[in-house]
Amino acid sequence: MSLEHLPKPEELVKEDVLTPPESPWMDTPTVFKPGTYSFPTAAKNLKYLGMPNPREWSPTDKDWKLPDNWKEIVLDGIRERLLKYRSFRVFMDICVRCGACADKCHFYIGSGDPKNMPVLRAELLRSVYRKDFTALGKIFGQLAGARELTYDVIKEWFYYFYQCTECRRCSVFCPYGIDTAEITMMGRELLHLLGLGINWAMEPVANCYRTGNHLGIPPHGLIDMWEFMVDDIEDITGVKVGLPVNKKGAEILFVTPSGDYFADPGTYTCMGYLMLFHELGLDYTWSTYASEGGNFGLFTSHEMIKRLNAKIYAEAKRLGVKYIIGGECGHMWRVMHQYMDTMNGPADFLEEPVSPITGTKFENCKTTKMVHITEFTSDLIKHGKLKLDKSRNDKTITTFHDSCNPARAAGILEEPRYILRNVVDNFHEMPENTIREQTFCCAGGAGLGNDENIEMRMRGGFPRGNAVRHVVDKHQVNRLTCMCAIDRATLSALCEYWAPDVTVGGIHELVANAMIMTGEHERTVDLRGEPLIPEEDEDV
Amino acid sequence: MDDARRRFLKIAGLSVLGLGIKPVTDAVATAGEVEITSSPNALKAKRWAMVVDIKKCLKAKKGCKECVIACNTTHNVPEFDNPKDEVKWIWLTSVKHAFPDQESQYAEGYYKDTLQDLPFVVLCNHCDNPPCVRVCPVQATFRRADGIVMMDYHRCIGCRFCMAACPFGARSLNWRDPRPFIKTPLNREYPTRSRGVVEKCTFCDERLAKGLQPACVAACKDKALVFGDVEDPNSEVRELLRKNPSIRRKPQLGTHPQVYYIL
Amino acid sequence: MNAWSSLFASLFAVIGLVIIALLGVAPAVGLGTLFGVVIPYVAIAVFVIGIVVRILQWAKAPVPFRIPTTCGQAKSLPWIKADNLESPYNIWGVIGRMFLEVVLFRSLFRNTRAEVADGAVVRYASAKWLWLGGILFHYSLLTIVVRHIRFFVEPIPSFVALLSSADGFFEILVPTIFLTDIAFVLAASYLFFRRVFIPHMRYISLANDYFPLFLILGIGITGILMRNVWKVDLLAVKELAMGLFSFHPTVPPGIGSIFFVHLFLVSVLLAYFPFSKLLHAPGVFLSPTRNMANNNRMVRHINPWNYPVKVHTYEEYENDFREKMKEAGIPVEKE
Amino acid sequence: MYNSGKIIIGIIIFLVLATFPFWFNRGVAQAPPKLEVGTQEKQCVESTPFMKANHMKLLVDWRDYVVRDGKREYTSTTGKKFDMSLQNTCMKCHTQKTKFCDRCHDYVEVAPTCWDCHIAPVEPGQAQQAKALRSSN
Amino acid sequence: MLEKALTGSRSYKVWIVVLLAIVGIGFVNYLRQLDYGLGITGMSRDVSWGLYIGQFTFLVGVAASAVMLVLPYYLHNYKVFGKITILGEFLAVASVTMCLSFIIVDLGKPQRAFNVLLHPTPNSILFWDMVVLNGYLFLNIIIGWTLLGCERRGAPPPKWVKPLIYLSIPWAVSIHTVTAFLYAGLPGRGFWLTAIMAPRFLGSAFASGPSLLILFCLFLRKFTKFDAGWEAISSLAKIVTYAMLVSVFFFLCELFTVYYSQIPEHILHFNYLFQGLHGHSELTPWMWICIVLALVAVGLLINPKWRNNEKILPIACLCVFFSLWIEKGIALVLTGFIPSPLETITRYMPTPTELAITLGIWGLGFLVLSVLYKVALTVKEQTGDSASH
């Protein structure tokens, strides 16, 4: 599927979209409509990873080729997780269905499918929990909101747990902090026990496991890509930047999502890193083994997070660096911030991060020893270590999209804004209910950024698109800046559909554009190779 | 339609039960009959009025205030040292203040010798057209059918609109707890008032109910105060008004005071 | 089951409970002791033990990861103002955040309402009614429960008297109507009507959402009726309550049956509590997204069941790509 | 069990609060106060159960009849006539407010405003107090 | 939207804390008054209304600010006021809140305040005042809040608001009229017994409310990002000018009637006010200050050059405001009681407790106003409606 097959934006979402249907949700069958679901995992990927029930199948099939004891597997899986995760058990028990979360979900706002209300998404699982794990549910059945675990329930789970981007916006509004991402993750883990996953998530997992990055780029391929960027930078600035790779004894290991290595507009951000580090004379290194910051294991299972994430510390240890800097990425930072140290720490072989340029101690990274690039760069700017010429970004009127994970799972809100205000003159915020901790998802996270799912992506992207359109109308915004590789990919499509003429880019692209490098020649084009001063403007 | 109305009535009836003023007696009534009556020996009138015969009140000059003391004693009226907090039901004042609109530049003779420094008995006039009743936002003060302007101390909110409306200064607020200031022997048959409510003379409605004359009237040995039904042509008050020229306070305000003065 | 059948099932259940109590204490049946002593004791026991058991059940599961929802700027560089209440970085921040959440319903205060208009426009309206209704409901309930202590103990603590006098400040009718009684019924009715009249609320509501609402409304209404309409002998009521709380249960004669209806509904609510969504009361304290500090990169969090997993080691990786790496000039461990 | 310290503290707080009436009473069921009626009279204005539950409503009704309608005589269901007066009827029988009204009101924490205005009879040993009531401050 | 009042600059927070402290002090003093009774104030049997009712009377006038913006904006489509109608509406909310609070603290038995609802009495003007004041409060809260909410999210206002807005216009007139009737309908109070009491109320209301609004606009222009625009301010100044002139004219009419007819019941009060009576002259200096301020105000306002001078206008507005504050907040109510209908003169001097409670309610009003303005201005800043056009 592609964008052309979708109705016009004004027609996709209607005024009455939030009016629920007549039939009760328990009696509403799941329909797999093309454009609204993702293709299942290819057998080879499951096999490579050693995961259960590898086979070829399609969600539209009647028979999903589940193991015979599928029900037992799922119920045992629930039981196990109830004992392992307090969050799961508490969230199953305490929801009062106050409905505060309902219209906070971008998928619900865009699709109007009531099962996309976070509360109902959780009820899909909670109803089964009630039936098999609570007294009232066992006795009163439907009266207590309980239902039997059936084949159709599994299908429903597959559809709706892969229609949640785990963005946690609902959790902000929930009076008990119930986190649908947690529930969706449990749901997906349960589905994986039956071999039910989506390929767009699992292929990167398999790739990453083998090559160290989601795209499956072998080490020499990476070198080619980076060298290509180095050449581009030389063309634009006249400066040949260094490219340290797998360099033992470097001070810093730099890890960033591999999406930025090969696809525009991520590549410009990646060039930004190369230029920045070169200009600073930083003793750092790239790694081909830990060449992926992102972690699609997050969209698979806790075990898979750990399996992929283990490479980061392992590589840091092998190379003997002092600490790690992480690039602009969303879910990568959820893993780095909330899981890495617990899963693969302690990182006692590293040192507490100190900026070699400013001497700032990053006290907030004491134990993980991993600094966010915007923390690093904003510190540089604060100390006046970068020569910046904002006017080079003058044609860019930008707004900033908080990626869900840095915002709601890490609390990184000010740093990127500080950098932006220092590198561009025209920065306008989107409406207040769509930014910072209330930011709306790109609707392509958590493994859903694939093309077969395009209609649901555009529906889910409606709130974000609407907010972008708002600032386009009001401030003629033409750039959506974000600090997430998935965003850079999915928001591009989203803008194409909802807010045409808005380009997407990273923060460090703008930093590098503005940064005056030692020995550079006069720049006439930006990192995208576009003239710094648009031609039509010269007539004015 | 009919059905709906009936249901509505039933619900309305229920809520009356919840909020109504007299649900208990209603409830009792279903069990057995209860009767609410006035006592047979109560004094009754079409319109109560008082005549003050100043000519018989000359002892006031020598400090007689039997009527005031009787009233205060009967009603537990407090006496404050600070005029600011004063509570007065019936009191003595100079003619100048009792009749501020009566002017006599060249007053001589009777007016000057007798009236000018005679303490005049004043009290609530129980006006026929009482402005205090008109302004009260909660009907805490109201005019009874027999002309008495009553006070319901249980309902008064202490807004003092009535005090602003009364042209005779007949009303007092309990600016503070009156009990410590009751200087007469406590009358245990009559309540005191609580702070924050307005009070005034009620023509001793509680005594009338028992067949007794108002306390001030009963206390005046000189019969300077006469109380009775002005609608009754044979009453003593009518007799007095027939025989003597009388004046009322501020008649021009149209409140129709029911306290008449014979000078 | 659709919304309406859930609603009516709950309504009839509560009406049924009322009838059971009325029949039970009718003179002809004479189950006063059952409804006045046995059921209340059972209910209190189920309530207390049930909640403790449930909390222990939650406690039995570890919190493997520290995953707070961050709703404000995290602590990072010293010159960036960190929001300790929305993204706590120490224990005081966590306490503050929990305090705001538990005492002031902080998250609900954030609530908005999405409005979709034609032409694919979505707007977010401020929507604090749920917050207000929730606050009113819970604080009225708390006040009412505390006020009831006057029936439970002797001597009556002075804070109870003080609370009653403040609550009954306005002298409306005799006996005075308590403001919290009105607020409670209004708030509970609001919580009910929003479930009925907001379409998506009706859609997600289950019988176990309506049931406790009807139950609690029934308790409130019977209480108000008992105070202001069908009066009961309070001396006897307190004697019964004191008997229960001192383990010398008695059922004094002459208490109106409305009291037993009230007591029975309260008993049902108490017994229902540990098995229902009412567990949100203890649960909110255990919600890992709210009760943990966002200090993940500062303080290491331990997962007690962390286990080794199969990984693709560097050695295996280099074995896979060694030749190509060498060709590309990438340093390798083993030549 | 994990986070046992905090959770046990929480459970203890819950138990303390939830069982407050049990431990506050220390197992003693303070018997309801004995009310001293103060009179040999067998029957009040209405039946005892009715009065127990509804005396406040009766008084309010009386108040309204007396003050607003000027009617002061109440013929009860038994046919007996009463002057509708708290001070002059009720308190003439129940001469000891502290041993009748107050005992019950205190037991269930009711603070009627009646006594702000209405005067209770002097009780034995209370003469001193009564004097204080009248003496100026 | 309320959450916007919870964050703000340091000075905003300090201001709020100061106001809360003032409200707190007022509240503690009110508890003392509840305990002791109204005797704790300077009011007495003869002067039975004092500072509280005076402030109430004055503030009813301030509440008029809203209608002077709403009427031109909605009835005459005068767009210039579009940006500041919300300021007028919220000023009305704050003033009516103060009005109601002053009435409550003036009650001897606040516990029975609900009797006004339980025993509605249509013949009492005070009952109607309760109705119109509460109605006006709710109208302004609902209209202001709804429109602000729509503005914030860029939605068209709901259809039901328009009728309410139209209703609020006559309603605003009603609050002054009914409040004037509280006084004008009493026999035996010569000072108040005048048919132009209601017109006088309206005249002074349309001067005092808008003049305060001008002061706020100028303040916000100077210290915040919100700029009402000079055209709006200048139009408001014009309204103040005419209203002040009318107000002065009405007062002169009163003087003529009283001094030409020379009826003692009326003239004594004015004598007390202007020169003192039997050695009592507590209010005389106040009244002369009032007159001087009024004359200065008229002098400054009447000349367009001065009126449109950003330095002079606030001085004129302050003169208007304080002149009318003395006239309505002090002189009007107290003089009605002095001399009493029985021609006794009783001195009235507010006590510290009374002053503290009064100040507490002013603090409450400013608190409500600050919170509402903070919300409104933050919204306007976000929607970009705060800069000048």
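Details
Letters A, B, C, D and E mark the chains as written, and numbering starts fresh at 1 in each.
Keep this in mind: a residue touches a chain if its C-beta (ideal position, glycine included) is under 8 Å from a C-beta of that chain, and two chains touch if they have at least 3 such contacts.
For clarity, every value in this text was computed on a predicted model and none was experimentally measured.
Hopping across touching chains, the smallest step count from chain C to chain E is 1.
When C-beta pairs in contact are tallied for each pair of chains, A-C comes out on top.
Chain centres computed from CA atoms place B at the largest separation from chain C.
Ranked by how close its mean Cα position lies to the mean of all protein Cα atoms, the top chain is C.
Of all chains, B has its CA centroid at the greatest distance from the CA centroid of chain A.
Chain A and chain C have centres, each the mean of its CA atoms, that are 33 Å apart. As a whole-number value, the distance joining the C-alpha centres of chain B and chain E reads 37 Å. Inter-chain spacing, taken between the CA centroids of chain A and chain D, is 68 Å.
Taking each chain's centre as the mean of its C-alpha atoms, chain D lies 46 Å from chain E.
Within chain C, the positions touching two or more other chains are listed as 59-63, 110, 117, 124, 171, 286.
Residue positions of chain E touching 2 or more other chains: 112-113, 118, 153-154.
Looking at chain B, one finds that residues 23, 194 touch two or more other chains.
Residues of chain B touching chain E in their complex: 83-88, 93, 96-98, 100-101, 131, 134-140, 155-161, 163-169, 172-177, 194-198, 250, 253-255.
For chain C in complex with chain A, the residues that touch the partner chain are 1-3, 6, 9, 54, 57-67, 69-77, 79-81, 83, 86-87, 89, 101, 105, 107-108, 110-114, 116-122, 124, 130, 134, 194, 198-209, 275-277, 279-280, 283-284, 286-290, 294-303, 305-306, 309-314, 317-318, 320-321, 324-325, 327-331, 333. Looking at the complex, you find that chain E touches chain C at residues 1-3, 111-114, 118, 149, 152-155.
Taken in their complex, chain C has these residues touching chain D: 47-48, 51-52, 55-56, 59-63, 149-154, 156-157, 160-161, 164-165, 171, 174-175, 231-239, 241-243, 245-248, 250, 254, 256, 282, 285-286, 304. Put simply, chain E touches chain B in their complex at residues 36-40, 42-46, 48-49, 103, 106-110, 112-113, 115-116, 118-119, 121, 123-127, 130, 182, 185-189, 264-265, 336-337, 340-344, 346.
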